[in-house]
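These are the structures, in structure tokens.
In what follows, chain A forms one complex with chain B and a second complex with chain C.
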Partner chain A sequence: MLEISIFSILAMFMLGGSIAMISNKQTLFSAFGFLVAMIGLAGMFALLDSRFLALAQIMVSVGAVVVLSMLTILTINAKEENMPHEPNKFKWIIVSSILVTPFTLLLYKTLSSVHQNFSEMETVSSKVVGKLLFSEWVLPFEIVSILLLTAMVGAIVIARKSDKTSKEQS
Partner chain B sequence: MTPDMFFLLTSLLFSIGLVGLISRRNLFVVYMSIELMLSSVNLLLATFSKVLGDASGSVIALLIIAVIAAEAAIFLAMIVHIYRENRTIDSDDFDKLKEGNSNA
Partner chain C sequence: MSTSAIVIAIISFALGALLALLTIPVLVWLERRVAGLVQDRLGPNRTNIGGFRLGGVVQSFADVVKLLLKEEYYPSHIKSGKWLFMLAPIITFAAALLAFMAIPFADSMIIDGESLRISALPIDFGVFWYMAISAIGVLGVIFGGWLSHNKYSLLGAARASSMVVSYELPLGLSILAFIITYDTVDFNAMVAWQSGTFFGFLPSWGILVQPLAAIILIVSLFAETNRNPFTVAEGESEIVAGFMTEYTAMKFAMYFMGEYVAMNTASAVIITMIFGGYQIPWVSTEMLLENFSTFAVSLMVVVPIIVTILIRWMRKNNTVRPTVSTDGGRDFETKVLTIVMIGMTLLVEAILIYLAFLTDSALANNIAITLFQIVVFVVKLMMFNIFFILIRWTVPRFRYDQVQKLGWYYLLPLALLNIFITAIVVVGVNL
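And then the complex of A and B:
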């Protein structure tokens, strides 16, 4: 019973946050909705007994990704005329919701046809995850490290001021 | 607490992300919708990890978190670059690569 109430509260947080994210006009408020959804997701991971995943979610998604996107939003600080002009935004949202609803039902029906109960398993501690990561999943782990390095270098190269634009501004 | 509830939540979150991706033109909202869809898949992996009693699902979710971080870095750098050139964050304005477009 306690678990169900915790689940309901977290689910409300996540759904409310994500709906606020896609429907807000101000970009920063969307980022706050996204932050609430990510914190709710970390709580969901904790509820599913994946302790290490919850910690990683809080550290990476909340601590790095959301903060980075908020910093970018505040740095860019787009004025009203630079924002996209979306007069019938809610019409678009309603139409696309109607379009997406059958897909949602299909997804839910397919997933729930698995229909098993939760198995009795011990908490996924960092020890278990670390052992799996360095035995069975060591190749994907290395590939992810290369991907992160490439993304870092690529982000620096893309965001650097090119010579042309810096000359124009000076 | 049954897996069904988690499946319902996952499908709803994925669909909300899809709706945001389709209907909004603000680049930041598009970016956050993609992140939300990836995160809902993460939640699904963690749920299956618990349903099947196998910790490998958690490991895959961990790798996906790393991919999310990489995607965030690239996407935000691209937004900064594009904003510096065009002074807008409207995704409809980014048609430089379109054929026969001469305003670039």
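And then the complex of A and C:
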């Protein structure tokens, strides 16, 4: 009972945060919604007794992603007037959430039976996670890091002024 | 869970909360008195309750009363998001407070074969906890700075966040070097690792085993806690008070206290990771437990000496200048405090005599050693806090570009280099 009530509170936080993030006009309130959703997600991990993942979630998503996105918000100084005009925003949110309900039910049915295929594990300590990452899962891990590296290089290339434009400006 | 486990858990949680919250007035007082010491003046020492000044600590409580009774003022230009404007200082304060909770105050007590942690939260990955929770603190600064709708606040918030982002990297990398060396992410196991010796005679403290990483850790923690010489986020001469400009009364006090709690937490992390935590050098908990009577007798000798020095120091200093007519209140305070100190010493001696000679209950010895370690921890914590304060009043503030340059050009490459060297040494030793 306690577990269910904690789960519902966390789920409410996550849903509310996510909706606040996409629907708010002021960018900083969107960031706050993102923060609430991420802390709710960390709480979900903690509820599953996977305390290392919960803290890693806070460390990466809150400590790095949210702070960096807020830093971006501070530097680009996005004004409310510059945001795209979106009338009937909440109507669209409600309609689209009704539209995806069948898909959600399908996902629920599939995913609720997935856990039977995995072996039960006690609490996951950081040592176990590290050893698994660098032995059994080392190839996916490295592929993910190459993906991240590619994304970073791409971002730098996009952000960099090409020689042509910089010459034109000068 | 047995009864003793529950009792220990409650006591350690209360101790953690007390150590984090009660040190705030003490730290505010220390800040002013040490500033006075550095600038060759006295600092606040007049406020008293019934003649008791306690060297001026009472001033901090008077400040709290002042801040509580001040008018709560909201800038009228803040139209939307007043709730987040109010929540922002609370986020900073709560994050700093929570980050303190993973620090061990004494070695795990073993009662009936059950190992019980003496830290507010009994978790075995304290380093992750500290890194994760302390990162939330800067969010409060950003929210506050942005929602103030003020150019100075915005600049302060931008500076604070970019500084924290740049110093998180050297901080994480230096902590990584310690994790490789100690082979654990548990604060308590880190302290246990540091209780041995190194080259035969040096205590194997982190600062001696990993000097470079220790220096990087200290410098980046200074930056993370927004202390001088890294106070660019609130530099008065440039941007008024930075992100705190629009804040008044208790909301301002939350930021103010959050800074001190963060400083306290940083000191606790530093002493736990590189200064041997709650242990005195060369002596581990097992050694204390095995030679308990020797330990008790030596404590019986040391405590009266310290108390005598303290009383003599108080008698000499707690007076007014000879040219001014004598102050009866101070004499009365000195008299009462002397009696209290002597009484407490006698009590401690009696307890030690009972423990050393009249009983051999292992539990009682265990509790005595835990209490001793808590005292050692608090003394070390206060010493490092004084170090933080001394640095603030001696080193001038860096310019903003110098701060960024130090972080990215010097600390980050040094930390990376240090990880390489550490990895080579650790692999070489294990071969």
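What we mean here is this: the second predicted complex is superposed on the first by the 143 of 170 C-alpha atoms of A that agree within 3 Å, B and C clash if a C-alpha of one lies under 4 Å from a C-alpha of the other, contacts with A are read in each partner's own complex, and residues count from 1 in each chain.
As a convention for this text, contacts are C-beta pairs under 8 Å (C-beta built on N, C-alpha and C of every residue); 3 or more make two chains touch, one makes a residue touch a chain.
No experiment lies behind these values; they were computed from the predicted model shown.
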TODO: Following the overlay on chain A, give me a clash-or-fit verdict for chain B and chain C.
DONE: fit
- [ ] Return first, second, both or neither, reflecting whether A:F29 touches chain B, chain C, both chains, or no partner chain.
- [x] second
Open item on the list: Looking at A:A155, would you say it contacts chain B, chain C, both, or neither? Reply first, second, both or neither.
Closed with: first
Open item on the list: Tell me which touches more residues of chain A here: chain C or chain B.
Closed with: B
- [ ] Kindly classify A:T72 by the partners it touches after superposition: chain B alone (first), chain C alone (second), both, or neither?
- [x] first
Open item on the list: For A:S126, using the defined touch cut-off, is the partner it touches chain B, chain C, both, or neither? Pick first, second, both or neither.
Closed with: second
- [ ] For A:E86, decide between first (touching chain B), second (touching chain C), both and neither.
- [x] first
- [ ] Report for A:A56: first if it touches chain B alone, second if chain C alone, otherwise both or neither.
- [x] both
TODO: Identify the partner contact of A:A20: answer first if only chain B is touched, second if only chain C is, both if each is, neither if none is.
DONE: neither
TODO: In the superposition described above, what is the shortest C-alpha distance between chain B and chain C in Å? Please give a whole number.
DONE: 14
- [ ] Enumerate the residues of chain A that count as touching chain B in its complex and touching chain C in the other.
- [x] 52, 56, 64, 68, 73, 75
- [ ] Could you pull out which chain A residues touch chain B in their complex?
- [x] 3-4, 7, 11, 14-15, 18-19, 21-22, 27, 30-31, 34, 37-38, 41, 44-45, 47-50, 52-53, 56-57, 60-61, 64-65, 68-69, 72-73, 75-76, 78, 82-86, 89, 92-93, 95-97, 99-101, 103-104, 107-108, 111-112, 114-121, 124, 128-129, 132-133, 136-137, 140-141, 144, 147-148, 150-152, 154-156, 158-159, 161, 165
Task: Residues on chain C engaged by chain A in the complex (per definition of touch) - done: 80-81, 84, 123-125, 128-129, 131-133, 135-136, 138-139, 142-143, 145-147, 154, 157-158, 161-162, 164-165, 168, 185
Task: Complex contacts: residues of chain A adjacent to chain C - done: 26, 28-29, 32, 35, 51-52, 55-56, 58-59, 62-64, 66-68, 70-71, 73-75, 125-126
- [ ] Using the touch definition up top, name the residues of chain B that touch chain A in the complex.
- [x] 1-20, 22-26, 28-29, 31-33, 35-36, 39, 42-44, 46-47, 49-53, 55-56, 58-63, 65-74, 76-81, 83-85, 87-92
